[in-house]
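Scroll down for the structure; my scribbles are underneath it.
Note that the chains take the letters A, B and C in the order they are written out, and that residue 1 is the start of every chain.
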Amino acid sequence: MKIKGTFLDEISHDIPHQNWGRVEWDRDFSYMKQIGINTVILIRSGYRKWLTYPSDVLISKEKAYTPPVDLVQMFLELSEKHQMDFYFGLYDSGRYWVNGDFQQESDLNKHVIEEVWSKYGKMSAFKGWYISQECSRKTGAIIDMYRGLGEHCKAVSGNLTTLISPYIDGIKNISQYQKETSRDLGVSLKKHEQDWSEIFDGIKNAIDIVAFQDGHISFDELDDFLLVNKQMADKYGIRSWTNSETFDRDMPIKFLPIKWEKLLMKLKAAERVGMEQAITFEFSHFMSPQSAYLQAGHLYNRYKEYLNQLI
Amino acid sequence: MKIKGTFLDEISHDIPHQNWGRVEWDRDFSYMKQIGINTVILIRSGYRKWLTYPSDVLISKEKAYTPPVDLVQMFLELSEKHQMDFYFGLYDSGRYWVNGDFQQESDLNKHVIEEVWSKYGKMSAFKGWYISQECSRKTGAIIDMYRGLGEHCKAVSGNLTTLISPYIDGIKNISQYQKETSRDLGVSLKKHEQDWSEIFDGIKNAIDIVAFQDGHISFDELDDFLLVNKQMADKYGIRSWTNSETFDRDMPIKFLPIKWEKLLMKLKAAERVGMEQAITFEFSHFMSPQSAYLQAGHLYNRYKEYLNQLI
Amino acid sequence: MKIKGTFLDEISHDIPHQNWGRVEWDRDFSYMKQIGINTVILIRSGYRKWLTYPSDVLISKEKAYTPPVDLVQMFLELSEKHQMDFYFGLYDSGRYWVNGDFQQESDLNKHVIEEVWSKYGKMSAFKGWYISQECSRKTGAIIDMYRGLGEHCKAVSGNLTTLISPYIDGIKNISQYQKETSRDLGVSLKKHEQDWSEIFDGIKNAIDIVAFQDGHISFDELDDFLLVNKQMADKYGIRSWTNSETFDRDMPIKFLPIKWEKLLMKLKAAERVGMEQAITFEFSHFMSPQSAYLQAGHLYNRYKEYLNQLI
């Protein structure tokens, strides 16, 4: 099981920013490429008022701040240079869908999709869309939102690939603003399967790939949950990637790079159930040789040793 | 808007220590100088029992610990070498003024002021005093304390410049020991103006410069609060600097360097309202190329690019 | 007072992993040796399902995970290479003794002791045992557990040295998962003495060395507690080391390297009461020049300057 893609954590939600310029990003794409990563996924194009590109839509409608740099343009250019596929992450209002009003989130994002496609659609690295609204349960009108947004992405862009990356409502589904790292009860396997079977059934024609995050459950539960995820996706004709998180959810400092042994266990579990490939959240903080967290560079080296063993 | 000064976070209250010796501090002053910083402000000369210099007053009266190094002497020498202005931050007992007994805090500090002036007053870099007791509201006898201490500093030292750096009781006024990063309600602009008009009126002859911290309010509130701060200070004849914090208050890890975009927004807001200059809390952890937080070095580079654009 | 030993924090409980391979560990042992460290103590050989070596006992009985690397073998080889004494830390189930069932913890560890001795007992660096179950009070059957495990270690290994490292139930005995860094009340000196006199009396023939952790009390209490610890240990014929923690318990980020001044104060307090030597938790994160926390390298340099002054 190889890591073939990574999120780009801009706009970051909860991971302190590294303050990289183009030189550092260029170098990071090289580091990614050297270990076989061929896909970069913008985690979100905007969060509340913070934007990755100067969006007329969001600056006018949401009074968002004009960003000093057009990161979408830069990431697309670097993707072309390094021959990577770029997936564009939709806008996350941080409010229109969290409290139930999914319609407003969808409507706004449809304008974003159109704007983005007209601005950047010509660039050859633009290969897919990431529906950035993360969920773990069949909440409110989540099916309608995923389907509506997925269909709109496809309609606008000539059927480019669409991706979601939900999480499991497991024992480690704990706010990063709480000090605890786990809780007593998570969702049962059965309830998880029930919820996601319904969701997959509703979105199967709009979403091509699902990449469940693998960090919210205990290591003992990995095989059970990953197997169910794979089987459900297969049943509804959705491709399965695993989003193998490279940060450690078990530590008081939220968050630093994961211990290699844990990442290895998660990759092997994904392999056992037949996932197509792994992606990760995310390379640049938690796995890059130039990360501000020096543990990340060592993780990179451990992963390279693992790759060499696979050959 | 340029950053012309930085606090020196010794004694640190809540930011882990970097364990630098003279060589590292010397190098850091060079880095500061290279981006135009000409003023260093000791955040406090002591906190509870921890001291920056071997103070007979505090060792005898407060049973403070004798420090292994005389940091005040060292900072003054490095300031002379690098042609920086040094501001001495008063002692913070951590108890005599927090719970209301402002008199004891003032009396103690008057002894400190005299001791310090007699020890270090001859050094050419000694250019000002920083009244280190931070507040956000018209609490207790805060006016008497600021005025009394400011006047004593001036009387003892031949009218050297005096500085305070209060904070706004905004939505991000959250203890660093709590995991949350914001709260629902902050002080209203009107109440803030009321409190600080009274305070400024009371301290106008004793305090020369006010440098409000800019990190406790939302980015949407920057212009309103900074404008009021500037107008009030103008009205009472107090000079206005902005204390543009270089750490990020929005992240679970408390605290790492701020995202450049945020710092840029705050500097521009200060420029719009006509602040004289910026200072920051603080260079050595959050902006220095040799900081233990590598994000800081990248922030330094982004800031240098901004400086180059200003020319 | 010199630091002559360090824990090896594998399996880590709460400190994020550095992801080092053999090359980095080899280099770290060199760094240790350069400042006079001659003893390395494995903090625990396993914690819950995570193991440092492929233990048939724990894999079968506890369904523990087979580790990708045999760290015990590696640490023993590096200890031989660098002429260090290696102490093996027992298994911590994280459950059998915390909730009272001390017997199960003891029984399991007796199997571990036998397994480990048969696997690694021939290696010349294997010099002692560390009973890894940390406690601060006379809880449950703690005496029986310490004595039973200490005796078994000795019986199996031809009377190798046994070590414990308890903590003081002081004002900084706060969960690393809480944001607070201190509480109002800690154990009284008298109660601490009462508890530990009883414990020492019960374990005096099974445990050779006690190394109390020095970080849970205020700096003002250091002399009182360290003196009592030394006197009690002397009375019962147990040798006294001090476990001088090199991480800072007073900061919101849990945990980064300690300020040198604080470590110096603790070492001097240990010297005043006549401790035999210091060990630390732990070198590789908090004091190593190659630590991911760069403050650690500066602490290393400050400590080297101190060593040079001692000569």
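The working rule: a residue touches a chain if its C-beta (ideal position, glycine included) is under 8 Å from a C-beta of that chain, and two chains touch if they have at least 3 such contacts.
The shown structure was predicted, so the numbers you read here are calculated from the model rather than taken from an experiment.
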Chain contact graph, described as a line, ring, star, complete graph or other shape: complete
Rotation, 0 to 180 degrees and nearest 5, that superposes chain A on copy chain B via CA atoms: 120
Centroid spacing, where centroids are CA-atom means, of chain B and chain C in whole angstrom: 40
Two or more partner chains touched - positions in chain C: 179, 253
Touching residues (chain side chain C, partner chain B) in the complex: 179-181, 219-220, 248, 251-253, 256-261, 264-265, 293-295, 298-299, 301-302, 305
Complex interface listing, chain C residues touching chain A: 12, 14-21, 24, 49-50, 65, 67-68, 175-179, 253-255, 291-292
